[in-house]
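Each of the next two complexes has chain A plus one other chain: chain B in the first, chain C in the second.
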Partner chain A sequence: MVELAHILLILSFAFSNFQFVSSLFCIRTNDVNYLKYCYISNSVTFFCVSISFLILIYSFVSSDFSVKIVFENSHYLMPNIYKFFAVWGNHEGSMFLWVWVLNLTGFILWIWLERNNSDIKFKSYVMSIQALIYMIFFIYLLFLSNPFSRLFPVPMQGNDLNPLLQDIGLILHPPILYIGYVGVSSIYILVIASLFNNHIDYKLNNLIRPWALLSWSFLTLGIALGSWWAYYELGWGGFWFWDPVENISLMPWLILGALLHTILLNRKDNKFQKWVVILSIGSFGFSLFGSFLVRSGILNSIHSFSSDPLRGIYLMGIFFVLIAGGYLLYAVKYNYIFNNSGEKQTKFLDKVLILKVLLILTILFVVVIATVYPIFLEFLTGYKISVGTGYFETTFVPLSIFILIIMGFITIYNFKKFIYYILIPLILSTIYVCWLLDVKSFIVVCGIAISLWVCITALYNLKDKIRKKSFFAIGGLISHFGAGVLALGITGTTTLSKDYIANVKVGESKKFDEVIVSLEKLHTGVENNYNFLKAEVKVKIKDKKYLFYPEKRKFSNRGMVTVETAIKHTLLYDVMVAIGNIDGEKIMIKVYKKSMVTWIWIGAFIMFLGGFISSLYRLRNRKKQ
Partner chain B sequence: MIKLNIFKNKKVYLSSVLISLILITLITIFFIINLKEYIVYFYNPTEIHKKEILQNSLESNRTIRIGGVVLNDSVMYENDKVYFTITDFSKQVKVVYSGILPSLFREGQGVVATGKMSVEKCGLIFKANEILAKHDEQYLSKEEYEQLKKNYKK
Partner chain C sequence: MKYIPFLVLLLISILITSAMLLKKDDNNIQNYIIGTKISEFELPSLYEKDDKFNSKIFHSNGWKVLNVFASWCQQCKSEHKYLKKLSKIIPLYGIAYNDNPIKTKRFLDKMGNVYSSVGIDEHGNNAVLIGISGVPETYLIDGQGIIRFKYLGALDDKVLDDYIIPIIEEKKD
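What follows is the complex of A and B.
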């Protein structure tokens, strides 16, 4: 079975070669038949890779420990569902997933192009560049990170999967993030193909827009899932650690955001076509750069992945060839990019958009410096450093606040309307939210007001667009609304979270300003291999009562003590309760209240929805545009 | 952004390119200077025991990060605080922390602690204000791996 999968993988590499060659023929002869060969070989490649991937999954599920990565990452007794998803819990498997997603998007890309585009030459260029990227990644997979390496003699038992990875986060986070990362390759392919084709005009915008939306929305979801995963697994209470790996995922996300807004700028006259090309190539660059940095192990991060210098060098090589090549091509074909000379006056809203793009790019710059500088420093001086959160708080945060403010700028020339539809709702909702959350500090009120400002202006615009039946703009506005919700969540979490420590006996309770903590019961018991102390803690926040059962466990074999935290999620706050030190009869109960955390994930999900809807809508309606 | 027809002659064009280049460098320098203020040095236990690094981090009272593996049988809970030892299998650092530990925190697990070095009665200790569990695909330390192997053989 596994050998079959390996052969299929090699076969798909061969077929992508075939695709490349036949697309070259097609470029020379302009013969549709060659293009058909391309399509056939592309489909076969996709089919082979899918079967091969399924076989790998099967070998995980059936615990075939003769396969090296199964041995290293699986175990007989692991729950079946995690056996299945352990496929992408390791480097080789995750790269295989990457390649599979690449093939999937490539497959969809050609079907979509065939239905919407009649330029044979352009399509054959697309096929050839696509085949080139396929080949590069197949070589990587087959020679540098082969998922089908065998072990002999066959071990009896596997090494098990990291318990951290045995989680719903593993199931969802990598595939979704990869769709985002890999979807960017379609943008790159389309742009480079049009450059080769010596013709770039406004049509390119419509061509790459759905793909940019698709990868942006999936990146949003993927990053949010990662953050959510970290929130409850890696370090309590934090949803973002400014860790290099997290920042890296932000880079393509940011540049895609800039790209989307630039495309929007181009909707009437094509002033910014060159920007679109530059940003498109750059977005794929950051996607590759990110995978290179993460995989090469040169980052100093809390997320350590296995590292192999050869893999790093290869990915670095890919990065340089594809991106430098892309920009070189851009320089060579500069004259074929049809910018409008921009005679028309730039409107106020467009100026705001330009400012927004520039701000997003500045933020990107901030993140890039913070990621690259430590690498250079370590390379030059040998010092390992990481950039503290203070840096981002002084650069990233103010810039984002600025972006949030200008996000709300909309076209209301009517002063009365502005008062009725924006200002009054804004003031009322701010007061309501502040009352709900018991906000006392002025800065927090400002933060909440800015977030709500984004939400309300987006909603107002949404209403306007629905009334005018211009559905194309809806997705973007939904995403803006989501960004407002996200900002609200972040403001709440970072400023309003509190923790309380109560030293109480059984039956006693302690009152803090708005929280009453009481220890109701206490019982001890014995489980399989540990003794536990379980407390029943009642926490009263305002009028609501919650019961918690935190535990303290003492393992018999090594005497190790672990603390099991009890958690409750509500819409307004997450509450965690843990047992602290025990001093005679008095027991220390720690209560942590994290405000508004849920809204971060809700906001991110709304952002994803907006982008995704818009992307699907545009993928289906390209002809009508 | 700027109306493109202001670039009527080469001089204006060149000078605008020059100005934007200078602006970009200035911004970069500004960001890097800002960044230098918030740099957090990362050491492993062996490095932190080197004289000049230790001296430096004690005197400057800077926030640093220490990474390593939690030593087996070293976790102790006492008075709302947790004490444990981070090791890189040659040197060790004692760490104290008061807060919720990540749910993955356990002995033999790789962690990164952020905080400050200080000298207390009991000797050198690292006061952490943040503990992050390392996120790793091969989570087992070598010791544990050997232990597991033995168990399977039984």
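What follows is the complex of A and C.
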């Protein structure tokens, strides 16, 4: 069975070679028949890889420990659902998932191109570049990271999966993030094919736009899922840790954001066509660079799995050939890029857009520097440093605030309308939100006002576009609205979260500014293998009362004490209660209040929806554009 | 002008490749923690007969090695024979990180227990406090509780011969 999967993988490598060769013939002869061979081999490749991947999953589910990665990452007694998803909880499997997603997007790409494009030469270039990328990754999979390595003698029991990974987060986070990462390859393929085809004009923008939207939206969702996972896995602490791996996922996301806005800039005249090409190649560059950095073992983190220097060097080679090659091609074909020299006056809104793109690129620069600088410093001087939160707070935050303000710029030249539709709702909603959250600091009020400014302007524009029936713009505005909600969540979490510690006896209560913590009851008991101390804690926040039952457990056989935190989620805040030290009659009750944290994920999800709707709409209606 | 993106990328690639190829072997040594005192912690012991496993162990009675391991960790198995070697010259203390104690016991029964005492950090709650960033990890701690050496990843002959054993022998002189 596993051998079959291995053979299928080798077969798909052979078929991608075939696709490459026949696409070259097609470029030569311009004969449609060769293109058909390409399509057939593309489908066969996709089919083979899918079956092979399914067999790998099956060997995980059936606990076939003769397969090395199953042995290393699974266990008989592991719940079935984790057995299934442990496939991508390791290096080989996750690279296989990467390749499978690559094939999936490639498959969809050609079906879509076949329907929407009639330029045979262009399509054959697309096929050849796609085949080249397939080949590169199949070589990596087969020779450097083979998921089907066998073990002999067959071990009786597997090694179990890292417990941190045994979680719902593992099921969703990697595939969704990979759709985002790998979707970018379609943009790259389309741009490089157009460069080879000696023709780049505004039509390219319409081709790559849905793919950019698709990757961007899935990256948004994937990053948000990762952040949510980290939030509850690491003890409901923070939502973002500025960890290098988190930053790496941010890079393609940012550059795609810049790309999307540059495409928008080009909608009337092609002043910025060169930028589109540079950013498109760059976005795939960052997507590869990310996987290279994470997998090469240069960074230590939960994502790095086992490291092997050869893999790092090969991935670096891929990165170099594809991206440096792409930029070299850009330079060679420079004259074929139709860039309007810009005789027309740039409009005010376009200037704002340019500013926005520049700001996004600045943020990207800030993140790249922070991620790459420690690596180089270590290489040059031997010092190991890590860039702390302080750096990002002083660079990232002001820039994002600036972007948020700009995001809301809209075309209302009518002063009266501005007052009625924007300013008054903004003031009222700011007052309402501040009242809800009990905000007293002026800076926080400003932060909330800026976030709401983004939401309200987006809503106003949305209403406008729906009335005008121009549905193409809707997705972008929904995403902007989501960004506002996200900003609101982040402002709330970072500024309004508070911890309270109360040393109280039973029946006593302690009052903090707006929170009353009272210890109602305390009882002890015995469970199977532990004694427990259970507290009934009433927390009153404003007028709302919540009951918590935090526990402290002492395991009889090992004398070990664990703390079970009680958690309540509401729309406005998450509240956690834990029992701390016990000092005589007095018991320390710790209350953590995380404000607005749910809104971060709601906002990110709205952003995803906007991008996703827009990309689907554009994928379906490309001809009408 | 038009070659700028290409040249920038060329430069970056050359830098990264050279960084990777010339990467020093001591990449896994955590320099900044060396010379600092081990932080206060207290963990339950794996075996009941032992006392509490806390940082006081490291504050007296000569040099010790603290090794962080887990039964689910692949590399911990491969470094086990080197630990065995090490345990002959210096007392070894272990922390089972993020691991079910029953599995830890089974692991030690199977591989052979090289530790004088083992502490359990079942949910990894104390990891950040102690400074654990992953498994396996090995600390060399002197009689005053000061960390003299810390290695991330599995030990091998090279690490033992180049770093750990020379440091131990130096202190004897």
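As a working rule, the second predicted complex is superposed on the first by the 605 of 625 C-alpha atoms of A that agree within 3 Å, B and C clash if a C-alpha of one lies under 4 Å from a C-alpha of the other, contacts with A are read in each partner's own complex, and residues count from 1 in each chain.
Operating definition for what follows: a contact is a pair of C-beta atoms (placed from the backbone, for glycine too) under 8 Å apart; a residue touches a chain by one contact, two chains touch by 3 or more.
Values in this document were obtained by computation on a predicted structure and should not be read as measured data.
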Partners on chain A (chain B, chain C) - clash or fit:
clash
Is the number of chain A residues in contact higher for chain B or for chain C?
B
Regarding the shared-chain residue A:T562, is it in contact with chain B (first), chain C (second), both, or neither?
both
If we overlay the two complexes on their shared chain A, which of chain B and chain C does A:E72 touch? Say first, second, both or neither.
both
Quick one: classify A:H91 as touching chain B (first), chain C (second), both or neither.
first
Name the contact category of A:I369: first (chain B only), second (chain C only), both, or neither.
first
Figure out whether A:S149 sits in contact with chain B (first) or chain C (second), or with both, or with neither.
neither
Using the touch definition from the top, say if A:T495 reaches chain B (first), chain C (second), both or neither.
neither
Which of chain B and chain C A:A331 touches, first, second, both or neither
second
Give the stretch of chain B that clashes with chain C in the superposition, choosing among 2-10, 20-28, 56-64 or 146-154.
146-154
Pick out the shared contact residues on chain A: the ones touching chain B in one complex and chain C in the other.
72, 159, 162-164, 235, 300, 302, 306, 383-384, 558-562
Hey, which residues of chain A end up touching chain B in the complex?
72-73, 89-91, 156-157, 159, 162-165, 232-238, 241, 271, 300, 302-306, 339, 341-343, 346, 351, 354, 358, 362, 365-366, 369-370, 373, 383-391, 394-395, 501, 558-563, 565, 576, 578, 580-581, 583, 588, 590, 592
Partner chain C, residues of chain A touching it in the complex:
72, 159-164, 235, 278, 281-282, 285, 296, 298, 300, 302, 306, 309, 312-313, 316, 319-320, 323-324, 327-328, 330-331, 334, 375-376, 378-379, 382-384, 557-562
Considering the complex alone, what residue numbers of chain B touch chain A?
1, 3-5, 27-28, 31-32, 34-35, 37-43, 63, 65, 72-73, 75, 77-81, 99-104, 106-107, 110, 112, 130-140, 145, 148, 152
For a test of understanding, state which residues of chain C touch chain A in their complex under the given definition.
2-3, 5-6, 9-10, 13, 15-24, 27, 30-32, 44-46, 48, 71-75, 98-99, 101, 103, 120, 122-125, 133-134, 152
